[in-house]
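Take a look at the structures listed below.
What follows is chain A paired twice: with chain B in the first complex and chain C in the second.
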Partner chain A sequence: MKIRTLEQLMALEQELCAARDRKPCVRVCGGTGCRARGSEDVLARFQTQLREVGWAEAVDLKFTGCHGLCERGPLVSLTSPEVFYQGVEADDVPAIVAETLVRGVVIERLLAHDPMTGQRVRREQELPFYRRQQRVVLRFNGVIDPTDIREYIALGGYRTLGVVLTRLTPEEVIEIIERSGLRGRGGAGFPTGKKWRLARAAPGARKYVICNGDEGDPGAFMDRSVLEGNPHSVIEGMIIGAYAVGATRGIIYVREEYPLAVRTLQIALAQAREYGFLGEAIFDSAFSFDLEIVRGAGAFVAGEETALIAAVEGRVSEPRQRPPYPVQRGVWGYPTVINNVETWANIPIILERGPEWFARLGTATSKGTKIFSLVGKVANTGLVEIPMGMTLRDLVEEIGGGALPPREIKAVQIGGPSGGCLPKALFDLPIDYESLTEAGAMMGSGGLIVMDDRTCMVDVARYFMDFLRDESCGKCLPCREGTHRMYELLTAMCEGRATDADLELLEELAQVVKETSLCGLGQTAPNPVLTTLRYFRSEYEAHIRQKRCPAGVCKALIRYVINAERCTGCVACVQPCPQQAISGQLKQPHLIDPERCIKCGICHEVCQFGAVEIV
Partner chain B sequence: MQEIEAIIERYGAQRRHVISILQDIQARFHYLPKDALMEVAARVRIPLIDLYSIATFYNCFSLLPRGEHVIKVCLGTACHLKGGTRLVEALERELGVREGELTPDGRFSFETVRCVGACALAPLVLIDERYYPKMTQRKLTQVLARLRRARQAAEAVP
Partner chain C sequence: MTKLYINGIEVEIEQGASLLEAAQQLGIEIPTLCFHPGLSAYGACRLCVVELGDGRLVSACTYPAQEGLRVRTHSPRVRRARRMLIELLLSICPSSKRLQDLAAEHQVERVRFAVRDERCILCGLCVRMCAEQMMAHAIGFVNRGYRRRITTPFDLRSDACRRCGGCLYICPVCEVRCQGVGAPSAVCGSCTPPAPTCPPVYEDLACYMGATGECGTCVRGPRTPDSHSPTVAGRREKV
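And then the complex of A and B:
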């Protein structure tokens, strides 16, 4: 059905909303984490089980986007009675249907624990992981079925678009976005309203808007979760943006490595066209606009806007000199606004609730909320959204639940390969664009990787440099050669072959690459090296001078030994050893032959008594 | 060749669509056959070397055939911290080939990927696009043994 007027949309919204409230709802998480743990089987079992008890029509069963707490998946939430279950397996489903849905009895063993109190809790909101979050962009994630546009409409979706197209001029829209203080969520933090104003003013026979969903940062899955969980929020944001800058065409550039996001978007675009939100004369206005999907073929540099334009045009993804900026000369030479997924998803709610509301969230210069993927050596891994200005400590300790005992947290890596590692001593730093940049890191797109005392910072720097030398497009020399040389120097350090002179060379090289590279990739490539040198210099020195890896990671500098006091002589490590390097009798402490040992670490992995030690 | 033709038709023989066309060819054949590249170059009227440069620049393309099973070890940051590299070494030992190679019997392709965005499950291994969360060297050996046994069982059936 085509929606032509705002009144027609509001009537549909009311109808859908009323129908929605009548039935109890079961929401099974369909995020990647939960799917990998079997949530598709859980969903299928709900379908058969509900049919069996004759409740198939009486219950609204949904497969939603990511609920956030990936660590405890598969996650299932119910509305009546209101309860949040974690670690649900298909075999738990008959009990959930019979006990909880039919009889209203909560199943204790499926409830989550509050780590602070040790109590089991019934609702998501009672967990510290959710309590400290502020879900603005993610407010419908985990609530709606992303493959059904009516779910989004029922919660007020596309109403803002209707209001914008019928009551506001493009200049008014731009002014509202400017007043909100929204800055780009892709990394650099350029003011979104200003970008739009430049694009609107730029002369061009035609204009484009692009959604940058390349998300090439390792350790980041925010954009993926938004696209998979609530694609229409991004689409609505893009239509509004197109109206504001005067664009008639749009492109969503999304990584092919995210097949589910691509599929969900394809469905969403088809439905948006069917309802008339894309196409000719949207809301019977003079404004026409349509969107297409371009799948990224895998290149980190494509996240850089001029490189992304090259990829969209069907070329090798190499950046070019700026200016001219894409708002002046973008895709095929036309003025183009490129915003990141999360930036677009912020647009509808800013216009709905007003710029003053948005500007009240966050800090003086960083407004709103930010989504992070909280991963690495932390208890609660998952997807979180927090107001800007929260401290790293609150994010890591409270929401993240701290370290994995018995380890201790040492640092966080923020901003991906362009970002940096910040030590625990700086955890009182507020999360905003300026503070992070001053500390040598950057906001980036929202990957936040927690590191503990078993993480070697030299190895981390080497890891990122390996990534960057691989992903450097090769166009400019400082980046192409500099990343390679830095990688070689870091490898020598990890292998105990480096000297003090190498450390000096590494620092000098890092400065040169930073100052002379063509694009953002090269200019920020030294950040992982520079921040680890700044905050963890003693680790570098231990590798170079004492040939020692304090974290016990760098293979050339460690040995595996068995602690005779802890070893129970269970022989569990003897058979898996690929080198037959472990000898020992049952109930006698075992021994590793250092001559044969290749340091693969299997013995360390299988030992249940912590008897295999790294020295 | 008809299939290649159909894929080109899907988008139109234009320069701007070559990456999409190559992606679909890759999805269909699991690599980019030489004949297919030549066909695309001729139809879209662009030099073969431009296609070659695209095919070797982007990570998702392969110029070599893939094995029956494709094993991908994720080496995103979270997976790296939690032992992804150890899994790579374990596979090199088990399969006797290096990352990026195919076993001589054509059974297993062994690749690494830079983050598939499922970091909460680190370290992660994908086998034939199925996710294996929180992988260990032990579990990996067991999965490989299962895949090998499944093949033997299939071959034993007359």
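And then the complex of A and C:
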């Protein structure tokens, strides 16, 4: 069915919307986190169970994108009665169908706890995790079935595209995006409207728009969740962007490591073509545009735009000098606009609700919302979307629910490997581009790793440097050799072999790598080192001067000993020790043989009495 | 023509020229290593970094001259950065004469990193030489990051390689890399100055690399005047 006019689309929207409200709806989370916890089994069980009670047609069962609260998955939400279940297993499904769906009775044990009050709550919105969020880009995530374009249309999808193509000129679209103050969500925060204007003005026989879906930060899954949960918002944004800059072709660059996102996109593209949103003369206008998927094969550096262009062209993904910028010379030499997944997904809603509405969200210089993947040593890990300007404290303590007791939060690593570690003392910092950059970190694409007091900051810096020396393309000397040398110096510190001169050298080297590297990867690679040096210098000094790891992490600098006064002689630690390093008899204090001990920490974990101590 | 200022001096240069060319026009010397006028600019060694008016350090060999740009070629930041880069280079190629000279020029007096003698700084001159001047594309980079190295596809002796020796000729650091006949490396295993030995014997072969030793001329060295095969006098003997 080809949609040719806006009226035709509106009629379809109304029809779908009406059909949608008639049935009770069951939404099983099909995000990667919930799938890993068995939500596919839950879905299958729902299908058989609904057939058994004869409700297969009466209930609208959906496998949606990520709901957000990955920590408690698999998640299931119902519309009638409105209830939100967490930690659902396949065996819970018969009860949900029989009790909740058929009889309308809520199953208490599957409800989520409000950590503040300790009460069980029925709706998502009652949880602080959801209450403090502002879901703009993610508004349909967890609501619609991403494999069905009609779900998106029913909620007003592609209507904005129709309005843009029939009523606005490209210049007007660019002006609206400029007025909204939208800045790139990939990390650097370049104003999107300005980028489009430059691309529109650039001479070229044809132009390209590209969606950068090469999300490679450890622990980050924002772009993946958008692509998996609501691919049409990205596609609609790209079509509008293409119209604005005068592009006729578009490319969605997705990591090969995201098979679900690739599959969802393939389905979405086919459906968008079928409905006439891609192809020749879209909405009977003079504008034609089509999209293709390019799958990236596993290089972190391919997220850098010039490296991404090289990868799209079939070359090794290595960055080159800018200028010329991609808006001047991009794919195959043609002007190219490269925006991040989240940036594209913001476009339709800005045009739908107006630039003034968007500009009211956020701070003076950072508008709108930002998606973060909240991971690490925090109670509620998951996908969150917050208005810019929220403090780190609100994000970590309220939405994230704070540390897992008895531990305390010590720092957050924000912005991925190129970002920085910010200490608890800076938690009142508002989350916007300028504040984070000033503090030595960066917005990045939205990875947020929370660390507790059992995290060694030298070890963290070493971990990120190990990642970066491996992911550096190796083209330029400071990045290739500099990250490797920084890793060596940090390793020496973690092993107690370093001197004060090494610390000085590390600092000097980090500065030069930052200043002289060819691309963004190298220029930001020293950030983990520089920020930990800035905020946690005492930890470095403890490693170097006292040969001590304050957090008790660096194996070469710690020993496990048994506190004879606390040890009850329960022998619980004797059996799990892989080295048979623990000797002792029942009801007698045990002893660890330091010669045999490999410092794996299992005894520390199994001891119920806190008798195994790290010194 | 583009007008810009280098170290405060006004210079006009044609559109599309690099900052390095503009500096050269003024006679300002900027150290380079991965740059060669006969090859495309690559911007990998970063030795030619210069400071722009906005405080950024960029490589002069790849950065295009822009109208009104202000460039400083020897600011304290630039010199400090260059010294660190040379120290890094020396730590992987300590025996290179070229790098030692650079170190002396820039007062780099010590190497504080653990030295690894790799005899390759991955400047990519050989790869570009092979591709752009010899049209062979016989060698290239493999792996990334700290595992990056230069070799032939699958580490096998490549048919695309004509043993021209261009890679050895252009290499700034591997003067001492000679591994002799039957070297284990797939990339030209030796570092002999590339003057042909074979043409006097087989005019069409020019096999002074790789296949060396097959006819024996180069290996045995100069013959006696009564020998039936002609030789080139004064050749360095290599066995």
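The rule we apply is simple: the second predicted complex is superposed on the first by the 594 of 615 C-alpha atoms of A that agree within 3 Å, B and C clash if a C-alpha of one lies under 4 Å from a C-alpha of the other, contacts with A are read in each partner's own complex, and residues count from 1 in each chain.
Quick note on the criterion: contacts are C-beta pairs under 8 Å (C-beta built on N, C-alpha and C of every residue); 3 or more make two chains touch, one makes a residue touch a chain.
Keep in mind that what you see is a predicted model, and the values were worked out from it rather than measured.
When the two complexes are overlaid on their common chain A, residue A:484 makes contact with chain C while staying clear of chain B. Using the contact criterion defined above for the overlaid structures, shared-chain residue A:476 touches chain C, although it does not reach chain B.
Looking at the shared chain after the overlay, A:539 reaches neither chain B nor chain C.
Looking at the shared chain after the overlay, A:311 reaches chain B, while chain C stays out of its contact range. Residue contacts after overlaying the shared chain place A:299 against chain B and chain C alike.
Legend: residue contacts after superposition of the two complexes on their common chain; A:381 is shown touching chain B, with no touch to chain C. When the two structures are aligned on the shared chain, A:256 is found in touch with chain B, with no touch to chain C. In the superposition on chain A, A:37 makes contact with chain B only, while chain C stays out of contact range. In the superposition on chain A, A:517 makes contact with chain C only, while chain B stays out of contact range. Shared interface residues of chain A (contacting chain B in one complex, chain C in the other): 299, 316, 470-471, 473.
Of all residues in chain A, those touching chain C in their complex are 299, 301, 316, 320-321, 323-324, 468-478, 480-485, 488, 501, 505, 508-509, 512, 515-518.
Note for the complex: chain B touches chain A at residues 14-20, 22-23, 53-54, 57-61, 75-78, 80-83, 86, 89-90, 93, 113-122, 124, 131-133, 136-138, 141.
On the chain C side of its complex with chain A, the touching residues are 42-46, 49, 57-59, 62-64, 66, 77, 80-81, 84-85, 88-89, 91-92, 112-114, 121-122, 124, 141, 143-148. Those residues of chain A that touch chain B in the shared complex are 32-33, 35-37, 70-71, 73, 215-221, 224, 256-258, 294-295, 297-300, 311-317, 373, 375-377, 381-382, 413, 416, 447, 449, 451, 455, 460, 463-464, 467, 470-471, 473, 576, 578, 600-602, 605-606.
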